[in-house]
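Have a look at the structure below before the remarks.
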Amino acid sequence: MPSPLPEDASLIRDETGTQRLIGYVADVSDPAYGRCYLDVGPQHLNRHGALHGGIAVTMLDNASGLAGSLTVDSTGRAPFLTVSMNTQFIGSGNPGRVTATARVTGGGRSIIFIDAELVHEDGTVIARSTGVFKRVPQEKLT
Amino acid sequence: MPSPLPEDASLIRDETGTQRLIGYVADVSDPAYGRCYLDVGPQHLNRHGALHGGIAVTMLDNASGLAGSLTVDSTGRAPFLTVSMNTQFIGSGNPGRVTATARVTGGGRSIIFIDAELVHEDGTVIARSTGVFKRVPQEKLT
Amino acid sequence: MPSPLPEDASLIRDETGTQRLIGYVADVSDPAYGRCYLDVGPQHLNRHGALHGGIAVTMLDNASGLAGSLTVDSTGRAPFLTVSMNTQFIGSGNPGRVTATARVTGGGRSIIFIDAELVHEDGTVIARSTGVFKRVPQEKLT
Amino acid sequence: MPSPLPEDASLIRDETGTQRLIGYVADVSDPAYGRCYLDVGPQHLNRHGALHGGIAVTMLDNASGLAGSLTVDSTGRAPFLTVSMNTQFIGSGNPGRVTATARVTGGGRSIIFIDAELVHEDGTVIARSTGVFKRVPQEKLT
């Protein structure tokens, strides 16, 4: 079983209902990458006893949104919406810690492209995604 | 709040860890469509107070896998793997019941194409997906 | 061999270098659908003697852009950019006339979602696409 | 204008109708990467005077298929079919030489995942793709 993640100001926990439900931890310590960690347990498995594809996509989507937010400021909380996302399921994910890492690969003021990869601590690449994300305009936030 | 779904032999509940965690119900009553229902609550919401994209994809992926299984037999349990999946996030999902409906659109013996759509009970189309799925070969199951 | 398309004010021919090279015809007669026709000949075939995937995507992309333009006005010339596009190659395309038909499925002021389908005159569905398109802002055009 | 490509046994020219029509050159000199070159001229441009998205996808698809073939043998002619392909249009392509480079990122015996990138000689990334490809079974070739 993976050792617990440290208490750290750059780790975001329990921010949303989905985050509490699934139990992943967001990491905004590196402005170049959005990252999320999950300790995969029985509650994350599919019929095949492997990490459920939907949970995998949740991790990729979250890491991608963080990568977008980190282009605005270091809090990782500037809101971005997922416009579309394409995921390839490369390998099977076993119980243990998995990490989703995302980075911006292009785009302009409103639309950005973000890639992400979900990797098991044993080195297996579980899934990779490419997505189109949109910054939520400021006027919509007030 | 939506009324509870009936007890019914064609509804699959609590089959996997992920299904118990998220709480969706699978419906295999119609061989032409894979379907899943979810009563969206606070535990399914994102930063914007809307249905989390990862939960939306989980629903689309499940309904799609069911649609694949239903091409094999009416139990909806023949295993299919998601090879890749592309999702478009069309509208925002509020609390209430959402339904994912999937159907096979093409393919052959091993690879099939499946479309799915996630719709809120108020009629809003939340997300749509197109995916490539692969039947798990029998020899891998024994 | 298909009979020639009629001379018609709603058919756009030879507008761009690529259109002249590949030889497709755009049809803006129905505001609800962008359409393109191509009479597939030897110059459009791949190694397998079937319609080249790149030509198929060119058709889908063009029809999709037209569908976007037709949301602005009936000329079909308001410019849209393709942000991303996902294509599934469903069936093999033989020589003969193929038609790409596209329609808008969602979106807002700047970003729209467009589906397209490429069908052979013998009824075979060759490919289907879902794309994210962006209206070119007016200030960029002057 | 780019200088002509050398005569070289590892360059494939004019193999198919589409290759002759569009004029790209395939390069199988490096077994780790499928590559295609195109000198973009007026016949490859869209309404905006930039490389047409369909031509961009044709290049990405060809390079990807080559990368697949090169996993079988060094001729680059073992046939692969495109199952699905997702493309992101990152930047605008001007006249000049563009290169599509593809590499296999995962997969098994029959299904493989291939990424590709199309880059202008001025360094601009024009488009990137991720695709699912399928090896054409031997029994279908005889």
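When the chains are written out, they are named A, B, C and D in that same order, and each has its own residue count from 1.
In this text, contacts are C-beta pairs under 8 Å (C-beta built on N, C-alpha and C of every residue); 3 or more make two chains touch, one makes a residue touch a chain.
Bear in mind that the values here come from a model prediction, so they are computed numbers and not experimental data.
Among the other chains, D has the CA centre that is most remote from the centre of chain B.
More contacting C-beta pairs link the chains of C-D than the other of the two pairs C-D and B-C.
Annotation: 21 Å between the Cα-based centres of chain C and chain D. Mean C-alpha position of chain B lies 35 Å from that of chain D. Spacing of chain B relative to chain C, judged by their CA centroids, is 31 angstrom. Of all residues in chain B, those touching 2 or more other chains are 83-84, 86, 88, 113, 130, 132, listed in ascending order. Of all the residues in chain A, the ones that touch chain C in their complex are 83-84, 86, 110-111, 113, 130, 132, 134. Residues of chain A that touch chain D in their complex: 86, 88, 90-91, 105-107, 113, 125, 128, 130, 132.
Contact residues of chain D toward chain C in the complex are 15-18, 20-22, 41-48, 52-55, 57-59, 61-62, 77, 79, 81-89, 136.
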